[in-house]
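Right after this note come the structures.
Next come two complexes, and both contain chain A; in the first it sits with chain B, in the second with chain C.
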Partner chain A sequence: MTKKEQQKEKGDKEKKPVTTVDDLYRHSTQYRLWSFTENQLKERRTKVNVQGKRRALKKLKVFCERDDNDHKFETSRDLLQLVSEDEELLEVNYYVDVLQKLSSQVLKLPSQVRATAVAFLKRFYLVHSVMEHHPKKVLATCLFLAAKSENCFMAPKTLAEYLGSKTTPESILELEFTLVQALSFTMLCHHPYRALHGFLFDFQGILIHRHPNGVVVTRKDESTGEKKKLRIKINKDRIMKGYVAAREWADVSLKGDTAFLFTPPQIALACFLKVDEEMTVAYLTYKFVKDQHKDRQEEGGKEEEEEEEEEDSDDEDNPETKFDNDEEKDENKTEEEKQKAKEVEKEKELEKELEKEQHIQFYKKMIKTLRSCIRTMDSVRGPTLDEAKTIDKKVHYCINPDKLLKRKRQEGADGGQHDAKKIKLEG
Partner chain B sequence: MTEVADSYLEDINNDVCPICKTDKYLNSNMKFLINPECYHKICDSCVDRIFSSGPTKCPYQGCEKILRKNKFKSQIFEDISIEKEIDIRNSIVKIFNKTEKDFKTLEEFNAYLEKIEEIIYNILNGVQVKETNEYIANYKQENSKSIHQNNINIQRQHDIFLKIENKKKLINDEKQKLSKQLIRELQNDKKIANQQITNNLLNSSLDTNLIVENARKNLLKQSSARRKKYIEQTKLLQEKFMSQEDLEMMNYSNPGLPGFRKHRLMQQQATMMSPFSPFNGDRSVNLPFEVEEEYFDPYTSNVIKDAQYLAGGIRVEQIYKKSLFEAFFGLDCIIKEEKSA
Partner chain C sequence: MSDIAANYTKEKKVGEGTYAVVYLGKQVKTKKLIAVKEIKTGMFKDGLDMSAIREVKYLLELRHENIISLLDVYSSENGNLNLVLEFLPCDLEVLIKDKNIVFQQADVKSWMLMILRGVHHCHRNYILHRDLKPNNLLISPTGEIKIADFGLARSLGSPGENLTANVVTIWYRAPELLFGSRHYTSSVDVWSVGIIFAELMLRTPYLPGTSDAEQLEVTFRALGTPTEKNWPNVSKLPWYNSLKIYPPPTRNELKNRFIAASGSALDLMISLTQLDPAKRCSCEEALQTVYFTEFPRPTKPKDLPKKSS
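Now for the complex of A and B:
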């Protein structure tokens, strides 16, 4: 249980409940409607895929039953290649990539708009399948709507000029309502960029302003592999460099499911952790463990002693397998502490210990979350160009079954001739 | 063009008496009057001419209503339907004149108001006219005493209100006079002081700076004394014009609220004492971060230098606070754990 939760509980007992900053996030639509566990995401995608397959077949059937052609549904059904769940995901990922490149390199939009457009596109395909609406079309509408909702309006005409001849202002606006409806009319997206900016400040606040004499970090010796504790000074240039690099990772985080599985501040911290582990771990330990404790107990003499103890929490950033050992160590030390505490004030000390334990637990939980966030970020796989092309073709025919049948008929008609030509050429 | 011409014609028609065809353009003293019986517009000279000898039929073709001269009045609202509604409303409210104080609960009072609106609507739109008129007559009979009493009360309150308003006006006039006088006196003082300074500078052997300084001090003393006097005088005004009796009457014209309203008001005030909390709980005062005075950040430092942003009301502390807030906006929401439940 975290400190905040405990505070909340206390509040419940004593008087009115307290709304923390996290509770505010829990009230946001991003949390309520667009945050999922991995299983929930998978379920949703399966559902969407089934729905898409059904719609594609229905479309084909409707087309075959029209009077102006002699296609039979039973035969043409075998011709139609439906898109599988995995392929669908790859297709969306591919177009997310396209969208990012387009908005950053061609349209040169602010990162907030880009991120919102990507979020819209990804959310849209949790409601509709690629077999219902082609991502190429939805992408344009997403861009338009994102620019509009992020207060960076672009006229559909201007946007259509950038997007090539096939996109017209009408085609952009045509899907606007479908998109808004798929988004359940929730336009406000929270992205890691602002959180990153906030951490840029708080890193400075904690690592530089609060500890002008430097902070203690654990560093692994390259040659011997031994861990050493060092007191280093972190300057603003290092933080700034980390921030710039982390921003790039924030761009990457838009791609996969990261935004569905984690909250913006978590993603932001994970980006920092990825680019400068030492600094981020130092920040986390000082922010959530050491400084928390020091605030309550302003006894200069004890400070150093405690610092040494708390260094243990430093180790916890290392792979989770280490956790058990560290916990044991902690327990040993707490026992020693208790004996000392008997002499002074037993209860107070106990309380402090409990609180400290909670801080450490919170820290561990945080690190664990960040690590899994990084893993999610790393695991994003976009399709290769060939894969993308084949999937795109399938998607195209699912949406336009008439074109598929026309094509097949043509192939059937001049298939023989083709072969003849080939043979001739080879000959 | 035709539209303009039409509206012009209409204007002309509006200004012409339909009975005697006199144009307002030719006779600027002409007034149009209406009678609440049928609301037909007739000019004042026609009214004099036709109705002086007693009640007769309305001169409009097809209108069979018998009109009396003393019921004619000038039109207040341009729209006749509004005029009509206001008349009906006034007459109904004179009968249904209970106040909030006469009811025990807010629901009863609201039902009463709703009933009044229903009656007005019925009469105005000719729905169930017979039943409504019967209801009004019955009500009038049953409550004749209280209706009379309430009307007297309302009249009295209105009289008191007018009286007090008059007095307030008088006080304001006097105040204005006094303040003008004050300004004049202050200017006069300044003139005199300047003259004295020049005289002193010419005649005395003292240090020039000292002379000026002394004069300035004297002037300040004088002006502050005058201001004090002015404030006292304005206070006296209040007492002079508003007797104790008047003040009491003022309270009378603002009668206290009925019990149920008072209770509710108290409840409202009680809830207003604590800050508004939209999320069913108070905002945590202890934010998980501290905003410091300055941070190193090229982006914000550009913003601070930009006059455009500053003029727009953007302050760097706000940027810091907002960004920091977003940094902790959901940091501890572990979706994996919370959403799986």
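Now for the complex of A and C:
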């Protein structure tokens, strides 16, 4: 190969950067269509709620016009209690909960299927309002489609038998196409489970195999409240225990907006951080800061494990590792050469400092993201049972205005004794 | 939704299967030729067909020059699901069978490069195709290979998850599948690519078994019977029993079988068709072999042989 060709090849390589896993995720439909900022989510929900209210009113109007008992729309519309944006979200959260309990406790489905069904349900209600399609009905179709799409097929008849009462094979299938359309035909969902499993191995790789002598962590003294650095050994049991607990949090993360706002690896790490902060911080600092320098030192044939002990920084967000490079002293070199070597050394040093700074900035940013992810996970609010019943009743009448009219008629006839026709909440 | 339907025309029915009808049509705005796969819905007791779901699911995630593009999805007035795909007039099987065409080594290399790039893209997205064969490798008017038919595709299994072994057309089915393995990986696709490579050189199917049982026989007669020695734990697979033991072929035998193959072409084929899936190379490794960098350079897609007619 000529020099020119070599240069050309180098040039080509520079033009085509390596595709990272992150790049691939950015091409996924989950990222392109179903990831949002908080504001975008809010906007969508407002839009869906407005659309739902409009359709509920229209439906009532149509029924009034058709009704022989001559209900005036103008008088009936006051009876119709529309669902607010907040209530709508509470209702969805409530049924996410129902769906999760049903799929894990009753149907005993694999976590992948459960998570996908939940994702479908939540995505559906960013397109349709609960006032258009009752979540109780939609969740059955979500379960059916998720199972089918995740290679875990369940016949509509079987599923209907499990779900009982009003669910029939027909009612499940009836909404399938509506659901697929609401999803814009995207069905591949990425969940935190695979990422969690990957981190389980990487935690072991970094915290045990790479640092057999233990890792340095910052611990707060219970009595004095003082932060202290110490070297500890993290064993396999501790990692495994963290993994099991983190997996439970991954189930929790399916509720609420976490999956709309964060990527699966972010959620997985946030779960680990939540259940074992010390271990996770150690992993992250070694993986993204300390080991980055260690690699360099090893390249130069030096490894200074002990140095870590001398660290004076005690801020977990600032995991600086001090390390110095012995200046090369060579008596045989001329002053000029020495000067030059010194300059080169200085430049290298500066570059290293810069790189280190970048690693630290990256780490800080990541910790910030993970903390915000934990806050999102913690902030999920489901309705109380009373709230749920109230909202569910509203939803029921928005979808079935004929029943509202019927009730009105009955109330008129026998003074509202049948008012308490309960809507059963299953689950 | 039906606004989208107005963007496309369906002009000619070109095929009909159990779950879909394929039409040739045009994108109204650009006059570009397209294919519309109309998936019958509502007539099945289990709802949308599983193959249709897989096809849409995976094609929406994959965008690559060597994978067929799904341009649009819409529902037609009768409630059917319509997939608008790029129009691809030819496939690799047609070319292999067309005895008027001569394949140069550079042509074979070009096809292999495109196939491996496409399959690699699936694999790095954790998607297994599970039905690679010349018939599913479509060819664009400009000569590019486009992997199609994701009706059997699935995501890489989770640890402990059972997968079905009943995938891939038997001639291209990896030995672990022939043995009924329930835990397999992207290496099943790599095997298929290896067998397609052989077929491109031989111009005839490499391992044409007529039944599942005979496929084992044909495969091992050509490549040797796997044993505990060259494939640890193989005897624990469900359908591994009372096999006739064939010795693995020597390099010389392989050389005679593929007369035109260069040393590095043979090396690549051997890596792609390792019996033990753990020893089989990945697409990435295959793409980095000398075969693709040594002379001759792969033919440019537009200069590749085309269907004679």
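Assume the second predicted complex is superposed on the first by the 353 of 427 C-alpha atoms of A that agree within 3 Å, B and C clash if a C-alpha of one lies under 4 Å from a C-alpha of the other, contacts with A are read in each partner's own complex, and residues count from 1 in each chain.
Just so we're on the same page, a contact is a pair of C-beta atoms (placed from the backbone, for glycine too) under 8 Å apart; a residue touches a chain by one contact, two chains touch by 3 or more.
Computed from a predicted model, the values in this text were never measured in an experiment.
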Regarding the shared-chain residue A:F144, is it in contact with chain B (first), chain C (second), both, or neither?
second
For A:L173, decide between first (touching chain B), second (touching chain C), both and neither.
second
After superposition on the shared chain, which partner residues are touched by A:G382: those of chain B (first), chain C (second), both, or neither?
neither
So, A:G214: does it touch chain B (first), chain C (second), both, or neither?
neither
Just checking: does A:H197 make contact with chain B only, chain C only, both, or neither of them? Give me first, second, both or neither.
both
For A:F153, select first, second, both or neither according to whether it touches chain B, chain C, the two together, or no partner.
second
After superposing on the shared chain, does chain C or chain B touch more chain A residues?
B
I'd like to know which partner A:L188 touches here: chain B for first, chain C for second, both or neither.
second
Contact-wise, after the overlay, does A:L269 reach chain B, chain C, both or neither (first, second, both, neither)?
first
Thinking of the overlay built on chain A, is A:H27 touched by chain B (first), by chain C (second), by both, or by neither?
both
Both chain B and chain C touch chain A; at which residues?
19, 24, 27-28, 194, 197
Show me the residue ranges of chain A that touch chain C in the complex, using the header's touch definition.
19, 24, 27-29, 110, 112, 144-145, 148-149, 151, 153, 155-156, 169, 172-173, 176-177, 180-181, 184-188, 193-194, 197
Given the complex, residues on chain B that touch chain A span 274, 277, 279-284, 287-290, 292, 295-299, 320, 322-336, 338-340
Within the complex, chain A is touched by chain C residues 1, 41-42, 45-48, 50, 53, 56-58, 60-61, 63, 73, 75, 79, 81, 124-125, 154-155, 158-159, 161, 163
Quick one: in the complex, what on chain A touches chain B?
2, 4, 7, 11, 16-28, 31, 35-40, 190, 194-202, 204-205, 209, 236, 239-240, 261-266, 268-269, 362, 365-366, 369, 372
